[in-house]
Amino acid sequence: MTTAPEFSLCEQLIVAASEAWRGNGELVATGIGPAPRLAASLAKVTHTPELMMTDGEAYLVEDPVPLGPRGYDDRKPAGYLPFSRFFDAAVWPGKRHAMVTPSQIDRFGQTNISYLGGTYDQPKVQMLGARGFPGNSICHINSMFVPAHSKRVFVEGEVDMVSSVGYNPARRIAGATFDRVDLRLIVTDLCVMDFGGTDHAIRVVMLHPGVTFDQVQEATGFALQAAAEIEETAAPTAEQLAIIARLDPHNLRATVLKDNPAGKRT
Amino acid sequence: MTTAPEFSLCEQLIVAASEAWRGNGELVATGIGPAPRLAASLAKVTHTPELMMTDGEAYLVEDPVPLGPRGYDDRKPAGYLPFSRFFDAAVWPGKRHAMVTPSQIDRFGQTNISYLGGTYDQPKVQMLGARGFPGNSICHINSMFVPAHSKRVFVEGEVDMVSSVGYNPARRIAGATFDRVDLRLIVTDLCVMDFGGTDHAIRVVMLHPGVTFDQVQEATGFALQAAAEIEETAAPTAEQLAIIARLDPHNLRATVLKDNPAGKRT
Amino acid sequence: MNKQLTVEQFVASLKSGMTIGIGGWGPRRKPMALVRAILRSDLTDLTIVAYGGPEVGMLCAAGKVKKLIFGFVSMDAIPLEPYFRKAREAGTLDILELDEGMLQWGLKAAAFRLPFLPTHVGLGTDVMTHGGFRTVQSPYDDGEVVLAMPPLRLDAALLHVHRADKLGNIQALGPDTYYDEWFARAADQSFVSAEEVVDRMDHSYPEDARANIVERCFIHGVVEAPLGAHPTSMPPSYGWDMKHLKAYAASARQEGGWDAYVAGVIGADEAGYLDRVGGKDTVAALPLPIF
Amino acid sequence: MNKQLTVEQFVASLKSGMTIGIGGWGPRRKPMALVRAILRSDLTDLTIVAYGGPEVGMLCAAGKVKKLIFGFVSMDAIPLEPYFRKAREAGTLDILELDEGMLQWGLKAAAFRLPFLPTHVGLGTDVMTHGGFRTVQSPYDDGEVVLAMPPLRLDAALLHVHRADKLGNIQALGPDTYYDEWFARAADQSFVSAEEVVDRMDHSYPEDARANIVERCFIHGVVEAPLGAHPTSMPPSYGWDMKHLKAYAASARQEGGWDAYVAGVIGADEAGYLDRVGGKDTVAALPLPIF
């Protein structure tokens, strides 16, 4: 495998993010947003074909569906998974690994997409509401994609509203089961982190070429741990870039990171 | 309306049994066995058209389906109610009134279709198992059809296994809700009874022509109450008989009562 | 038995203070013709239960909503519903914020007349703390503690489907009907708008009986409203009107924007609505969204 | 990923002592080819969970069943299953007798990994007293007491469907698929026999994707078994074989009747089964039952 002559940082992140699903087995790989979705698709097309994916609507497909405009009936459904059975079939039985982009993430891996600032009764900035985050986080594997690593996202204290469960011992309820809480990767524009630190602390495991640990720490509201050996994020291969290009014919990935910076060779 | 010249006792019972569903509103009228099914169908065709009925399989029909052999695709489905959503849609929301033929009935209206004699671990005579009786009896209206009124059916003590809930105070569980227990009619080859006696005691409300209360009591394992005025069961009208004949083209109703006795004019 | 109603008769059968569930999902299959009838009415103090899309924003903007019970409010391609957002940030709404799965679980608890349904969902989150949910312990040896989701009992549910008959038999086509049937089963009364109303479903469309997602005993009123989901999508018939939704969203940033939307789009009655938004043919031809 | 198995590979992947759920309903859509493979095997001490039909009688007759968890056992037109009855009356079975609705509720509790699901069903009956079910109280102000249905977790589930592909995508046609998908979701492993196995469902039958009643992550082995539901029904493809079922039922009244059924019908392997019961064409032409 040869590395390609040119690639964007976003493409490099997509390749790094696709590793989240490696060896997951048969579960629904959901990437919310263009980069996570391309990452999940890349995982299925390359290293983990047993992953299940939807067409973005009600059907399961074996060939990941490209992003953006195409014929409405270009889907080739192999199975059926409408919203109307998503909790019954995917979320509650724990057969899913979703990669999402929360507005806030704290040191426990708790996230927030509900509101920022103010109170539950009168938020300063209302966002979506908790959506499926409480259920996703207590039932199945989750990862995160953060296009702009900053202290606004990685907050100093707890997130303003805990929309998803993390590893905060103060939030554990006596007698309840939190066994299925399973946070995997956080892929950002600076680094790749996991939850392999002390007591599931967030830990830097890869740095993108040219990025230092201190730079990541500086952009993070809480103390990060470092893996024993921090790797440098690999460059995409030509094959990976070709697959990404095929799955994103309208180049929506160019809009994910501000100014669509170039990636760097390792 | 003129009464017909000739009719069977079974036809007379079908007409009497159809009264169970009068004014029930929109719920699924289920008659298990040829006579109860004809009774439900007659109710829908005549006095209570808003009743819902299945084709005996997965679909809801507005025109009751005749009994016995016909073309498989003669059904004209108006709706869908497969077994796979029967508890969700009909039983648990309480949208049903079933008429069944239990093997045993006791003075509380508790019934048994599980086994006769012996023990739970080793019954003397195994029957079907509880089927849906526990759920039916606690969720929705129920009535009964007994083709051979006897002490074997109307037992002296409690039924051998309580498959369905009745009005037995000893079986009430503190704090639980039995509000929806609603037993209506028991139509037998001798009489029509309801649960309008003291504390829901079983009460004779109609006697078929030529049958006396003492005769019914004699055939019953427990003391019966009598309605203030016991009516004589009406003869079917010519219209009713014509509808029954149309809905039972193979005359399966002739096999319901031993020797298919003639009915008697009131 | 004839359940067909005019849209005016429908709205007259609701009362202020009711708890009303609205089917669909975000900007998909929303019973917008019925919602617009509420917008034009004197109804107020409503509690709305929804997987919310533009209907929630509109009802908030019109001051109809006392309390909102929701898993999210979003228009998908326009992630944040601007009028919902305004109402939230003004602090004028009572709310109960749920996980999406909890919402349908609460509808099922109501449909089954159960006092609660247990779930892991919500444990460890602020959905639980803010929502005041209680826990319950398994009576078996595991003794596990789970969250008890209480029933979301509705006074009325509103749905939009493809076909209905006068008896209340409905058919909802399309690959996904979300939790519409559970809104209906959780409600004392359900009102359905339909692209087409026929006399008898078994006479007109017997071959599609499996599209009967909820039984007619749960349907109490039927309103004919062709293209009645506009500006939301109605697969496989028509897509959402993103241009319209963008203009609607933009109105929230304009002085008097909502009043202008009411005057120019919602209007005095439903009869002229389709003309005001571009005409029947244009709406019918809106392409299905592609994901 | 190729989940296709021979029927011998399927049976080799089971173990004595397992809890096995069997899809279908009475004499409908039973995975009889898989059941016959178990009958021919050394497997024993099984716990069977089913809406029982002839498969339960056969497994009882063959001495495979230690415990039976059931809502009923019946062959419809032959209401009482004779071999089930014999085993019950001999007192050789451990049993848990359930209401039909409780059975699917227990499967759902297992699928959702919940310690219990509450229900009114069973309260006040001997299903509750004999089954040892406990109650649980609502933690809300109503304080209502309901029965707690524990999960029915399965080691394996067996289903019969129309189509499967080698990846485990399945399609079940017909107007009713009972609780097959919940047996699969409640199980650690599910094995499906299918009228037809194709390489890729999306290449062969994409237009019927909505017949995919349960997702392939719940399907672990796929066995091609045309007419594999015989003698039970498989709408819309073929009906039950009532003549066969009557002869089977009659065998229970004959000395050595079961041994004769095993020798003459079940036989040594599945390959010759269809010939022994009248041939492929005859079975394929069995008319659908009419109710």
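All chains are identified by letter, namely A, B, C and D, in their written order; residue positions are counted from 1 within each chain.
As a working rule, a residue touches a chain if its C-beta (ideal position, glycine included) is under 8 Å from a C-beta of that chain, and two chains touch if they have at least 3 such contacts.
Keep in mind the model is a prediction, meaning the values are calculated, not measured.
Counting hops only between chains that touch, subunit C reaches subunit D in a minimum of 1. Between the contact lists of subunit A and subunit D, the overlap consists of C.
When the interfaces B-D and B-C are ranked by how many C-beta pairs touch across them, B-D comes first. Subunit A and subunit C, compared by their mean Cα positions, are separated by 30 Å. With centres taken as mean Cα positions, subunit C sits 40 Å from subunit B.
For this pair, subunit A with subunit B, the centres built from the Cα atoms lie 59 Å apart. The set of subunit A residues touching two or more other chains comprises 59, 80, 92, 139, 180. Each of the following residues of subunit C touches two or more other chains: 112-113, 119-120, 135, 137, 144, 146, 175, 210. If you check each pair of chains against the touch rule, the ones that pass are A-C, A-D, B-C, B-D, C-D.
Residues of subunit A that touch subunit C in their complex: 55-59, 65, 68-70, 72, 80, 82-84, 87, 91-92, 114-115, 118, 120-135, 137-139, 161-165, 168, 171-178, 180-181.
By the touch criterion given at the top, residues 25-28, 49-50, 52, 59-63, 75-81, 88-90, 92-95, 139, 180 of subunit A touch subunit D in their complex. Contact residues on subunit D toward subunit C in their complex (touch as defined above): 112-120, 134-140, 142, 144, 146, 148, 150, 175, 210. By the touch criterion stated above, subunit C contacts subunit B in their complex at residues 1, 108, 111-113, 165, 167-169, 181, 185, 200-203, 206, 209-218. Interface residues of subunit C facing subunit A in the complex, by the touch rule stated above, are 25, 52, 70-74, 79-80, 84-85, 88-91, 95, 97-102, 104-105, 119-128, 130, 135, 137, 143-146, 175-179, 287-288, 290-291.
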